[in-house]
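So that you can tell them apart, the chains are marked A, B and C in the order they are listed, and the count of residues begins at 1 in each.
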Amino acid sequence: MLAFIARRLVVSFFVLLAATFVMYLLVAFAGDPLEELYFDTSPNRDAKIEARTEALNLDTPVLLRYLGWLGGVSGCVIPGAECDWGLTATGQQVSTLIGGAIGQTLQLVIAATVIALVLGVMGGVVTALRQYSSLDYSATFAAFLFFSLPIFWVAVLLKQYVAIDFNNWLADPVVSTPVTIILGLISGGVWMMIIGGDRQRKQATFGIAAVASAAVVWVISATRWFEDPSLGPVLVALMAIGSALLMTALLAGFRYKRVMYATLATAGVGIVVNLFLDSIVSDPSWAIIALLLLITIVVSGGIGAAAGALLRRQAVTASIFTGVLTAGIIYVDRLLAAWAGYASSVGGRPIATFGARTPGFDGGYWQNTLDTATHLLLPTIAIALISFATYTRFTRASMLEVKSQDYVRTARAKGLSERVVNTRHAFRNALIPVTTLMAFDFGAVISGAVITENVFGWQGMGKMFIDRLFLPDPNPVMAFFVITGGAVVVFNMLADIAYAYLDPRIRL
Amino acid sequence: MTSQMQPTTAPATAPEVDEAAGITVEARTQGQMIRRRFIRHRAALAGLITLAFVIVLSISSIGIDPPLLPKIPGWWDKDFTAIGAVVDGGSPTLSVVPTFLGGEGVQLGEHPFGQDNIGRDYFALTMRGAQISLMIAFIVGIVATLAGTLIGALAGFFRGWAEAVLMRLTDVVIAIPLLAIAAVISRRAGEIGPPVMAVGLGLVIWTSLARLVRGEILAIREKEFVEAARAAGTRASRIIVRHILPNLIGVIIVSATLTIAVAILLETALSFLGIGVQAPDTSLGRLISEYQSAFTTRPWLFWWPGIFIITIALAVNFIGDGLRDAFDPRQQRVRE
Amino acid sequence: MTETYVIVPEVDAPAGELLRVEGLSVNFPTEDGVVQAVRGVDFTLHEREVLGIVGESGSGKSVSAMAIMGLLPKTARISGEVYYRGDDILTMRPRDQRDLRGRKISMIFQDPMTAFNPVYTIGDQLAEAVLAHELMPRKKAMARAEEMLALVNIPQPKERLQSYPHEFSGGMRQRAMIAMAIINNPDIIIADEPTTALDVTVQAQILETLNEVKDAVNAAVILITHDLGVIAGTADRVLVMYAGKPVEVADTDPLFEKPRMPYTAGLMGSIPALEQSAGASERLRPIMGAPPSLINLPSGCPFSPRCPLATDICRTEEPPLAATDEPEHVAACHHWQKLAEVDDPTQFFRAEGEVVR
């Protein structure tokens, strides 16, 4: 497998090299960097032209210019050599320009990819299992709609309705009775479609879900929950127990109780530990959070191993998932605790519409994380919509194809339960083609980032690219191509590794 | 919506049943079967009708002004460049609520889609935008289909170094995010004019079709009927025309349709970013870009072009889905 | 091997009777109409018996087997009764049905190339079949898997446990499939065209292995095939299916010597290598035409359009399965006597003049 990846890497390197050449020519063709200066009326116009010509080597032929540029950039990959991205049209170092931009774009792209991947695969599995149900049809229509939405248009809508209007509402977070009822009905409909079943069961689901959701909305409104949102120890405990049961149901079933005991114990430990965590996590660093996560995984794995007996494998997996989910719930709870403080320090308008973070803001770990999250929210949604639709449709198709395979029938013939057939046999195999989609989709996410960064005013790679392309200013534009191209190559490699991990046939 | 989507997803049957059912259905020609399956795909049919409506509306309303040919006027009396007095804050006069329901009656009014801040008729502007966006999308679709088919076919037929070079070229283009490479090309081409820009865009989004065509050809080459034809001494050109092209046509048509959907969104995105269609001409993306800041004061300036983009893209996507089902009911993948 | 739970009480079943199928019908609603895949199948399977089910593709033999296993898609409409040791499988709770599946009734599929999950090792997949029905340490399940691989003559079974399906040859995979089918000591093994996808040389080996292991675990076998040659050497009793119904049931030897249904005779005339009774011609005597549509069955006997003996009554009245001149030999034909009168029942089918095998 190493040889396989190495070969792919070498091929990708040369592909990337060729791509830089093509792009260099195209960028040179795209416009003359001196263009704006021709209309300059200032007395030192000629000097400016000369300086820019000098900085960008405009008097050398484009091929030689490319070689010179390549020589400088190759220093960035060859260890020990000096990294030179060239100069901008105004004579700055390009490297200072891209330094901060990479981080912002990376944040955006990774958040969008992870969210689209996780939710999309889940959506695909659910719709495949509910094929030809109203849920399936609605999801199909939604996917087509998402495919057809212009990202920039969605971004402007999100800005208005999710940010500005929501922020306005936060000033007086009360839900009116008609809205409560409508929200309840919508939620009832969605749950009815997800759970399915016969007519009677659907009606029952609809009724219970609608009333419960309306009640939750009413409580949120009546307690003015959004002014100082938090889950509180009781809700945290309930949600932790819920995730324990969910993981048991998904990974082991309830036929033998051992796994359930393990996950419940894990959730219990999480709930109790949470009560004594205050001093450690009042203002932690990312390192402490990572360490806590690691401890969570080790401890929950240990609980699973100890309680699992003959079902140790399932118990360990289910416990670890429960542990991580519980930790996640606790994390969200603590994040919400910081909400009121954060909201007041940004003038009561927490959902941001501009930039990657509030300039000059520092309110400790939790508030800073909230700051990043609220800035990420809208652009991430805008980018992730299309990818989410792609993953949903693709996973659904893949899952349906796998479900009609002979080996799934064999699995049923062994007497395995539907749960095991669907998770161990169908889902596992359906994931294989999804990894190849990951590589394809990454390029689309970067394209999406270019648009959203411009709409939401992020000083990322995409905004730099468009701004500099306007001038035009070739070196920053080329830096964008090299970095995104490199990211695509890396992502392709990750997809290859995931593929090889999932499919033993290519390990040969 | 349930009924709308129904044909996409005919009930699954056991393989044994498929065999058995296959015996009963009287022989239909390939073309008849494709047409029948497409027409039964109601979403696709609705998409086709919607798209036809948008095309006819945009062309007939403000007419067309083709280069070198005389201008053909439309039934709408206002020009998209004409500046006028802003009436009633420029709000739309279109009304669809009949008078007996308390509305103003079904009427277009003076400015059905309203006016922008300098009094231009927004219906005419939107129609012009739709025309340009559609034209670009179709040119992109045609150019990309020709390029993709040609490159994929050359790679598939000739194998060897030609295949290696062409497929690596495909890899090169795929390695670059589509929007970025399209932006670089449109930077200059957009200034020259929309058709030039369209050709440029077409020359960058052929990659997936090229891969599909090559894959199909490689698969078809191995099939028994091609082997048989070759063994019988049939000329290569005849094998291509008689055996390989008919099998490719489905893949090509479906891909061309989906390319048009991608192109609509790509062009509008570029124009939104200011890199595509340039003033004084306009496109749906450019309209949104120009008036996004007017969202709170004159929301119609934002909504109309957006609705048209979504309608067109959705219609084309549904047509593509219907065509895919019609050509190959077993293939379920959405977008490769 | 210890059973941790027993769901199936043994009641009401005559001694030696394992499976009794009564009036089994399966319909599939499709866009073109209702496909009547199985139209009333009755048979009884006794302990350690090998029952062959023969028919062309689309005759409903595989669908019947899938119905017994509970593996048909949800769109299938199933009616009738399938008694396993006195309990009706079709009306059982799904969970009880699942407990029978793979433990008491197991199945071997046609295509060994696709019947294994490509991403798990053979050992994993065999052990999974054990663990699905019994809680035991994995090691023990693996040991059992190894034992089974040895039983079906796979060399180096211990090493082979770690292999993936793609590392096995077709014949080896089918052996592994047999190993998986017997791993829980089932009462019934349903083998659905187990040799069809294999090379001729491998076919005989697989049949032999199947014969050996069914004796090793004392299982009865339902052997589904379209190949009379496979049946001849293996089955104790044969059920011939046509258009979703049994048309002849008899012990193997009488069936081959004295078929009482023209379709059976036609099948025999279609086989080049089959040894026939004295006076058989060397030429192939195939059945003309194709099996009928299962949506629009012809009126009367469904075989009548292809039958050389068909008369008016055949086109109006579908003959029931009725006793013939021998006890325990039933056939669904108005004219079985005509077959009884001649020495070579295949003679009614026109020999293909030009085509000599």
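Following the convention adopted for this analysis, contacts are C-beta pairs under 8 Å (C-beta built on N, C-alpha and C of every residue); 3 or more make two chains touch, one makes a residue touch a chain.
Note that the structure is predicted; figures quoted are calculated from it, not measured.
Peer 1: Per the definition at the top, count C-beta pairs in contact and tell me whether A-B or A-C has more.
Peer 2: Pair with the higher count of C-beta contacts: A-B.
Peer 1: Based on mean C-alpha positions, I'd like to know which chain lies farthest from subunit B.
Peer 2: In terms of C-alpha centroids, the chain at the greatest distance from subunit B is C.
Peer 1: Can you give the whole-Å distance between the Cα centres of subunit A and subunit C?
Peer 2: Computed value for the inter-centroid distance: 52 Å.
Peer 1: So what's the Cα centroid distance for subunit A and subunit B, whole Å?
Peer 2: 29
Peer 1: Which residues belonging to subunit B are in contact with no fewer than two other chains?
Peer 2: 11-12
Peer 1: Inside the complex, what are the residues of subunit A that reach subunit C?
Peer 2: Residues 256, 310-311, 313, 405-407, 409-417, 420, 424-425, 428-429, 432, 502-505.
Peer 1: Under the stated contact criterion, what part of subunit B meets subunit A in this complex?
Peer 2: Of all residues in subunit B, those touching subunit A are 1-2, 4-5, 8-9, 11-12, 43, 168, 171-181, 183-185, 187-188, 261, 265, 268-269, 272-275, 285, 288-289, 292, 295-296, 302, 306, 309-310, 313-314, 317-318, 321, 332-336.
Peer 1: Could you list, by residue number, the parts of subunit C that touch subunit A in their complex?
Peer 2: 69, 71, 98-103, 106-107, 109, 111, 114-119, 128-129, 132-133, 135-138, 164, 166, 177, 180
Peer 1: Which stretch or stretches of subunit A touch subunit B in the complex?
Peer 2: Touching subunit B: residues 11-12, 14-16, 18-19, 22-23, 26-27, 29-31, 131-132, 134, 136-138, 140-141, 143-145, 147-153, 156, 160, 390, 393-394, 397, 400-401, 404, 440, 443-444, 446-448, 450-451, 454, 465-466, 469-470, 472, 477, 480-481, 484-485, 488-489 of subunit A.
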